[in-house]
Every structure is written in structure tokens, then in C-alpha cells.
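Chain lettering (A, B, C, D, E and F) follows the sequence in which the chains are written, and residue indices restart at 1 in each chain.
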Amino acid sequence: METRKRLEIIIESMAQRRACTILEEVGVTGYTVFYALAGYGRGQRWSRDTDISDASDMVMIVSISDEATINSACERLMKLLSRQMGVLSVSDVAVMRPEQF
Amino acid sequence: METRKRLEIIIESMAQRRACTILEEVGVTGYTVFYALAGYGRGQRWSRDTDISDASDMVMIVSISDEATINSACERLMKLLSRQMGVLSVSDVAVMRPEQF
Amino acid sequence: METRKRLEIIIESMAQRRACTILEEVGVTGYTVFYALAGYGRGQRWSRDTDISDASDMVMIVSISDEATINSACERLMKLLSRQMGVLSVSDVAVMRPEQF
Amino acid sequence: MNTDLIIATIVSPVVLFFILGLVAALLRSQMTIPEAFAKGLAIYLMMSIGLKGGVAMSQSELTLELGLVMLAAGTLSFLLPVIAFAALRLTTGLGRIDAAATAAHYGSISIVTFVAATQALTFVGLTSDGYLVAAAALMETPAIISALIIVGMKRRTTGEASAASTGTEAQDRGELFREVLLNASIVVLVGALAIGWITGERGIAAVAPFFVAPFQGVLCLFLLDMGLAAGKGLRRGWRELKPGTLAFAIYMPLISASIATGVCALLGLSAGNAALLITLAASASYIAVPAAMRLALPEARPSIYLTLSLGVTFPFNITLGIPLYIMLGQWVGA
Amino acid sequence: MNTDLIIATIVSPVVLFFILGLVAALLRSQMTIPEAFAKGLAIYLMMSIGLKGGVAMSQSELTLELGLVMLAAGTLSFLLPVIAFAALRLTTGLGRIDAAATAAHYGSISIVTFVAATQALTFVGLTSDGYLVAAAALMETPAIISALIIVGMKRRTTGEASAASTGTEAQDRGELFREVLLNASIVVLVGALAIGWITGERGIAAVAPFFVAPFQGVLCLFLLDMGLAAGKGLRRGWRELKPGTLAFAIYMPLISASIATGVCALLGLSAGNAALLITLAASASYIAVPAAMRLALPEARPSIYLTLSLGVTFPFNITLGIPLYIMLGQWVGA
Amino acid sequence: MNTDLIIATIVSPVVLFFILGLVAALLRSQMTIPEAFAKGLAIYLMMSIGLKGGVAMSQSELTLELGLVMLAAGTLSFLLPVIAFAALRLTTGLGRIDAAATAAHYGSISIVTFVAATQALTFVGLTSDGYLVAAAALMETPAIISALIIVGMKRRTTGEASAASTGTEAQDRGELFREVLLNASIVVLVGALAIGWITGERGIAAVAPFFVAPFQGVLCLFLLDMGLAAGKGLRRGWRELKPGTLAFAIYMPLISASIATGVCALLGLSAGNAALLITLAASASYIAVPAAMRLALPEARPSIYLTLSLGVTFPFNITLGIPLYIMLGQWVGA
């Protein structure tokens, strides 16, 4: 198995499209979006089922890719995250078919 | 990038509030909850769409924080998990804005 | 805390059952399935809410287990993934109750 | 035996859709009804039941009977778990906590079973009073408290620490309290009852095309979903539960029904009201109580109580049970 | 004072279900209505409102009045944020961006408030024209543009970079444009309006059993959900927002209503039409505008504008506001 | 040419809402209808279609005609994929597996197209028999088997390993079997048909306010969602698929319709029944077959078959196709 990077962005859903566009532009081979149900940050709880507007919904975007691609994604994503709510983290993962990423 | 810890708790949704309260009390800056669709444990499958009661639903809670905070969260969460269904794991992640966590 | 492996499979939902059966057969103690909302791969975006058929839906399956079990799961899952859409990755995690996995 | 009533009950679209779901699940069809949609329907059903009950109550006097029935309902819910617990401990190998948690389900009620009985009443030309909906809402909770007392007493006598006493006890208690008294079914049922009672016939006329006319159809859709869930539970149950435990899910409703029949005789209820109170006593919870048990008695295994109440008792009740309870109601009814 | 109207408004099932949700949330009940179900209901409501408005429009001439009302509606939506912004800057400690984002909400509209007013009109025997639905759709957007201009002007004068100017500006602009002009409420409302207008009374006869008769009932279910959301917002709001900020959510609707009353007098609208235009002006957005603000002014804090518009203004409007706006309409109406 | 029929078909609310969704998606509006809600509606629609068909069947004799139509329907579903496969291989550059998977869609059916045709029949005063619903359910599956045989034969002749032969073959086969024969549309359609047939007119009277009256309105909501999906598919399709491949999605329904017209002539069907059987033959699946193909032929690319069947054939059928098929039915009908 070879090592790749796993990028995980938890970001407000209204900014999902912007984050995804960045990922596509830096050239990741793929990503997947999951939606969050609830959360907590800066002392405030939110929950998808009780907040009637989409404004507080969050999603998680996961993308597995090589280090260089993830690094350039991170740089641009941090700019986005300086304005939109969310957090970003990167971890090491082993993959079986490295040519896929 | 600096290193932080990523705590991932997969826990029954009825205990979500208890787990979240623990996280808030130990002082994580944030967490996000996702809901699980189905799963398997102790030889039994469950699925959100066919189990009419909420009793078997699970959620995943993800929190990124510094090691000390995660460690104290783990200790209290393990007590909770000794009674409620679920699993807990911690991994290393790199973050770009360490002051955020 | 001891180290275990966290297997993460992002796979089309129609193949979920096949992947889960493999996990059960190689003997993981548990897994949890999450559903994806949207994604991107091979230049194409998909989204659960606008694709009326289930054919493009993806799910994420997470399983925490010991290295040997995860390795044998990976081998069989790679065969499945050679035909079905999806990606697989493995990372290290620390767990508090190693006997659980 | 009134076989016509049994046939009419089973050959109604509502029950047939339940059977369809049950059979599909037993054949391992992978069809599902999305949880969000099913939960939405459940809320609709409770609003409708509450509203209709409230309007009915607004049209009749608040009599002594009403007060007595409420008292009886609460007492049944509180005491039936004791009998259920004893039965489970005597006839099955279930541990104390599993037995207490299961017992709570049989003291509490199933609102869908209640509604199905209301429909079936019309086959035999019986009517019932609106306040039975209030009795149904009232019976949701005492059984839970009863089960907790059973476990607590046993714990005290054996010197164990109570489950709730670890962690931040006060918080957990508050959460449990809210879950038990302010869960969706109680909030919606009691709230809609009050709204129906306040606004009366005239007030709900505007919403009747949504809450009254389509009700039975929505029930069909909901019961299709319940059939899928029950079938899945049943498939799992056969393998895991012993015959003795499964038998409990059949004879316990009959015990509860017998006791409730006695109570109805004492109160001198009409046949329709009696049939419904007997049905409530005989029905078992599969939504509110399981959730509360995960909070209050997390050591109890959900696969046991869910299989029994949803996989066995519910199907039994809506096919054979209801005709029986109606006959009991007719027999005892004033 | 017309206390009958106030009572009739509040004691309708729709408002009572809102209050039920509000109270449940304030008591910290954990009940929820699944988001997917509530969103489905929202789309249903907008389809129904649009269709009925379109059919009504197809039955009347396109007069000069219609054109003038549209113009007035658009202008109100565009200018009310200026007043709201000034009021917020003068009376609260909110920063420019928070104030502008909040102001946008008060220029835009709440379609549920509009519908509730339409229902309440019937209590006093007033009727209104179908084109008011078009006016409602038209008022969704100008307020957003107005707020962006307010922020942009301030930015230019202070030499700051505009929020939208970082990143891929053109793309962001396109996305914002689509979000603002092609969001679900506008697409469905305007689309259904057109469909109702094209097919007319005869065309929608076949769909009336779904879109007309059950409408009020569905509204009850939706308002239960809104009550839960408003209650949660309110609970949070008490702690975080200053009294002055909370007061804005009450007096701003009154300012908007006064201005709109003047406009109605100028236009010589009928009492019913006037009441609805006044209600639109006084209502505040809690779905479309918050989403647009996350795109256009992400620095603004949603907890402020959501608490104000959903937690305070909406409850105020559907209980006390609507009777007042109807009275204003009656007073000014031709 | 019957332009009145074409206009009546297109200017119905159902089709107009489809077009609204289509246009919104083509303009890249980000509006969506939550999947859980849309799936719930789909189940409702199939229950309703099944029930009404079943009741209609319960009122007529089981004649020889019924048996022959079933036979013809099954045969059409089984053989049309052969023609579709040949056409795709001859006129497009698609590989064997993509061609076979796409062919399966065109042998199978679209229940929404069927329903739209049923509605349109009323414009020309035609009626049809309830058993056509059974024919629809019957036509879902044979096309899938046919496609698998086509691929299997080719594979055997070229000596390749079949896709299904890797892994745990027996299990996969069981899963495929359940997916193909016990998927939601077949379970609900056949189940509701049986329930309607068993309970008859009297039985479903109680559920008619839910399953009959609001049906067309729900269909509007569902078609809005389908329009959004089709528009998205179409936008993607223009870029990726060659004109020859896209053309297939128009001419294949016409081929199927012609063949079915011949079959109807042979069987001597009434104009209404003929129109529906022709429509079934001409319609293409976009829910059940894509799912089955992901299990049975995962190497086939979903973007091809989904774009063709949902993005091109479905819009064509519900606007121009249905009037044409009705005219064919009238022309051939006894």
C-alpha cells in the first residue's frame, strides 16, 4: 500500500460549491460530500432538523489525493475558510491503487 | 501545518446529547455530528430506514482539538461508552490554523 | 491507547451490501455506513437530491479493526472495487478499548 | 366467535398494506421508505388523532367518567409492567434489566394499534368518546417510570450502583425527563388534542380536508413501512429469541386485555370505549419507550424488546387482537 | 381595537400549532420534524400559493394597478433595508456588515406570513387579488441587492476590499446571481404562478384536491416546525442579543407597515390588497435571504439575523402583527 | 394531426411543472427536492396506481384478452432490448456492455409515462382497463434478463469471465434476483394491485380521499423533481454523448411504439388499451433498471443510460410521444 493524503473539510453548505470548485481546479481526482446533522462551534449549537433556513447547515467534504495536490488545495481553501465557517484537516492514509489518486 | 487530534465517536443517537455535553465540558472548540445510515456490530445489522424506532440509530461525532483536550474527553467518553453502544477512535491530523483548535 | 486500523470505503450504494458482506466474512467486529450527499469523480459531479435513480448514490463505510482483518478485507474489497465505483483507504487510529476490535 | 369482524379487520387496506410490507421484508426485499418521510407521516397521524379527539371532547361534557377513565388508564400503564416483569422473570431466562425494559413497553401503548381499533369499531357499528385519545397519551409514560422503579428497587436491595448514577446525574435526569414527558408523540398528541378542544368543530373545518379525509390512506402508507420494520424484526427474532420469550409477546397482551376488561366492567364503560381501553392496555410501545430505555436503561438489549413489541405483538394485535378486544368490549360494555 | 380579529387570528389551528412548537422548543423538548419532510412541505406550499395566485390573475385583467403595485413592491423591498440599516446602526451596537445583512431580511418577505394574512382576511370578509403573490415573489430579491450596495458603498469609501472580490470573483458572482434569482422559492412561486395563469381555473381543477383543499392543514404541520425553529432561536437569542437589538425586530415591522400604508393610500388599493402589501412589507425573510447572505456577506453572523427574523419578528407578525396590518389595510383601503 | 391533443397534453399542469423543473435545471438553479421526500412521493404514486388498477380489475372478468396482453407485454419487454442492442451497436460507437445495459432500459418501462398517458386519454374521451397496470408491472423485469443474456452469450462466445462470476457468485445472484423481482416499484405496484383487487370498490372507498383525489397534484410535485433531474442529465449529456447516441433516445421509442402497434392490432385491443400498451413499450426505465445494472453490469456507464432514458426519452415521451401513441392507439384500436 502507498501513502496518500486525506483532506477533510467541514464547511457551511452554502460554501460547498465554492470549496468543490477549488478542489476540481487544483485537480483532485475525486471528492465526496456528506451532510452534517448538527454541530457546535464558538459556543453555539446548531441542528439541521430545527434550523429552518439552510444558512447554518454544514457539510463534510472528503478527498483523497497526493500530497502536492492536497497542499495546493489547502492554500486556496484556507482563503475561503477565512470568510466562511468551517475547519480543515489533513491526514495520512494508505491506499491500494495509488494510480487512482 | 501543525498536528492536532481528530476524535471520532460512533455512538447511538440517543446518547448523542450526553457525548456532546462531555465534549463541551472538556472544552473542545467545536464538533460536528453526522448520521449513520446502517451498521453492524455484535453479529447484528441495523438500518435507519427499516428500524421504525430511533433506538438503534447511530451517529458519528467528529471533533478536532489538541491532544490534552481530546485525552480528557476520551476518559469521560469511555465511561459513557461502557454503558451505551458505540466505538471511539483518535487519529493524528495536520491543520493549517492551529490556533483554531 | 493502542493502535488499530480504520478502513474507509466510499462505494456506490448499490454495492453496499456486497462490501458489507465481505467485511462480515473477514470478521470485523463492526462497521458503520454513512450516506454521501454528492461527489465528483472522473470529471463528473453527482448529487443525491437531483439524481432520481439510486444508481449514482454513494455511501461511506467505516470499520475499525486490527491490521490483519483489515488487510484481508482490503484484498477482497479491491476485487469488488475493480468493477464497482469507489475508493478505499486505511489509516492508523488509537483506540481505548483494544479488545473491542 | 365473530369471524366476520376478524375478516373485516384483516381484509381492510390498512392491514393488507401492513401484511404486504411484512411479506416483502420476510422475502428480504430491499425496499425501504425513507426515514424522514415515515417520521413526517407519523407526526401527521398524531396531529390528526389529537385534533379529532380534541374536537370530540369539545362537544361533550367533562364528566366524572372521564376522570375515572384517566385514573384507570394511568394506573394500568403503571401496574401492567409489574405483571409483565414477573411473567418474564418466571417464564423466560431474561435478566432483570432486560425484563424491566421489556415490561415498560407492555405497560405503554401503540397509537397505531389504537387507531386501527377505532377504525375496526365502525365495522360493528360502535362509537367511542374523544377522551380516549387523552387516555392514550396519558398511558405512554407511567410504564416507563414503573420500570425504572422496578430496576431501582432491585438495585437498592442488591446494593448496586444505579445506571443513572454514573456521570452527571442531574443532567441525565433532566434529559430523561424531557425525553419521557416531552417526546414527539406526547407533545403532538396532547398539543393537537388541546388545539382541537380549543378550536372545536368550526375551527378544524378548514383543516379537515388534510387531517380527516386522507387519514386512512396515510395510515396505509405508514403501515407499509411498519410491515417492513416488523418483518425485519421478526426475521431476526426467530433466530435469537427463545420460543418462551416470543410466546410472552402473545400472551402478555391477552393478560393486559383481561385485566383491562375487568376495569371496564368496574367503570361501566360503553362497549366502544371499553374496546379501546382494552386495546390500549394490550398494545405495546415501539417508538417512545425504546428511545427512553436507551437513555434510562442502556444495558437492556433493544433487539429483545423491539422484536417482541414490533415484530410479534403489533402484528398479532392488528390482525387477531383487535377483533378480540372489540368482542371483549362488546361483552363487558354497558 | 378589533379584539375579535386578534382572537380569531390567534385561535386558528395554524397559529396554535405554531405556538405548540414554540412552547415545546422553549421547554427544550427534543422533538423534531425531519428537514427533508419540512422542505418538501415548503415546496408544496409555494406551489399551491403560486397556482392559486396564477389562476386568480388569469381571471382578471392586467390593469395599470397591477403594474403600479409591482413597482411599489419592488421599491419597498429595495428601500426598506436602507431604513433598517440606519435604525440598526443608530440604536444597536451592530457593525456595518451585520447591520446590512439584517436589513436585507427586513426588506425581503416571509411567504408564510403572507399566507397567514390571506387566511385572516377571510375573518373580516375581505378579499384580495391574485397578483399579490407576484408582488410577494418580486419582493424577495431587491432587498438583497440593496444590502450589498450599502456594504459596497461603505467599503469603497473606507477603501476596503469587497468580500466578493477575493477568490474567483466572476464564478462567485454567477453563483450568487443564481442563488438570489433562481432559489427554490422564486422558481417555484413564479413557475407555479405562470402555470396557474396559463392553465386557468379549468386546468387546475384536476389538481385542486391536492393544492387547494389540504393547504391549511399542511400549513399547520409546517408551522409546527417553524414554531420549533423559532423557539430554539428565541432561547438562544435572549442570552446573546441585547434588548435594543431584539426591540428592532418589533419596531422595524411597524415602521415598514407604516410606510407601506402610505404607499397603499397613494395607490388607492382596496382594503384586502392593502392589508397584504402592508404585511409583505412588515414581514422578514428567514429562508432565502439568510442563504444569500452566507454567500454574499459571510462575515455577517447568522445567529443575529436568524434570531431576529425567525425568533422575534415572525412570531410577532403571525399573532399581533397580522390583525394590526389588516386594520391598517381597512383604514387606508379604498 | 391532432394538434389539440398535443396542446392539451403539454398545457396540463403536470407537464408544465416538469418543464419548470427542466428549465430551472438548465438555468443551473440550485433548487432541489429532498431525496427522502421525492422517494416517499414515488411510493405514494405506485400505491395509488396499483390500487386503482386492482379495483378496476376486480370489477371486470378475467378474460382471455387479459392473458394475451400479459403474454404480449412480457414478450415485448424481453425482445425490445434485442432490437435496441442491435440499433445501438450499429449506429453508435457504444461497447457491448454499455449497449446491452442501455437496451435493458428501453425494454423496461416508466410508470410515470404510463400515468401521464392515462391522464391524456381522458382528453380524447378514451378509457382503458385496470389490468394494464399489471402489464406495466410485468414489463419491468424481462428486459433486464434479456440484457444479461445478450451480454452472457457474447461473453461465452468470446471466452470472457462473466462479471457475476467473480466473488461469491451465489450470493450476488440472490441479491440481483431480489433487486430485480422485489424492488420497491414491483413490490408496491403488484402489492397494491392485489390489495385493490381483494378489497374492491367498497374497500378502497375509505382511502380514496388520499389515493385518488390528490393523485394528479402529487404527480405535479413529482414531475417538478423529475424535471430537475432530467435537466441536469440533459446538460451533462450534450457535452458527453454523440448526436447519434442522443438520436437513439428519440427513434428507439418510435420503433418500440411501431412494433407495439402491430401487436395491438393482432390482439384486437381497444383504442385506450392499445394506446397504453404502446406507451409502455415506448417508455424507458430510469429507476429500477439503472439500479439493477449497477449490480449486474457494473462496467456499464450510468451516465450513458441515465442521460438517454431520463434526459431525452422521458421528456420526449411526456410531451410529443404520448399524443402520438394515443393517435396510434386510436388508429389501430378495435
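Details
Note that in this section contacts are C-beta pairs under 8 Å (C-beta built on N, C-alpha and C of every residue); 3 or more make two chains touch, one makes a residue touch a chain.
Quick caveat, the model's predicted, so the values are computed rather than measured.
The chains in contact with chain A and with chain B alike are C.
Chains that count as touching both chain C and chain E, per the definition above, are A, F. Averaging C-alpha coordinates per chain and comparing to chain D, the farthest chain turns out to be A.
For chain C, the chain with the farthest CA centroid is E. Taken over every residue number at the interface, the positions common to chain D and chain F amount to under half, indicating a different-residue contact. Separating the centre of chain D from that of chain E, both taken as means of CA atoms, is a distance of 41 Å. Look at where the CA atoms of chain B average out and do the same for chain F: the two points lie 44 Å apart.
Taking each chain's centre as the average of its CA atoms, chain B and chain C sit 18 Å apart.
Counting partner chains per residue, chain A has residues 17, 34-35, 91-92 touching two or more of them.
Residue positions 30, 32-38, 40, 179, 214 of chain E are each in touch with at least two other chains.
By the definition given earlier, chain contacts exist for A-B, A-C, A-E, B-C, B-D, C-F, D-E, D-F, E-F.
Chain B makes touch with chain C in their complex at residues 8, 10, 34-42, 45, 58, 60, 74, 78, 81, 87-92.
Only residues 12, 14-15, 17-18, 21, 44, 47-56, 79-80, 83-85 of chain A touch chain E when the two sit together in their complex. Against chain E, in their complex, chain D makes its touches with residues 34-37, 39-40, 43-44, 47, 51, 178-179, 182-184, 187-188, 191-192, 194-195, 198-199, 203-204, 206-211, 214. Contact residues of chain C toward chain B in the complex are 1, 4, 6, 16, 20, 23-24, 28-35, 59, 62, 64, 91-97, 100-101. Residues 25, 32-35, 38, 163, 166-168, 171-172, 175, 179, 225-226, 228-229, 232, 236, 286-287, 290-291, 293-295, 298-299, 302-303, 306, 310 of chain D are the ones that touch chain B when the two sit in their complex.
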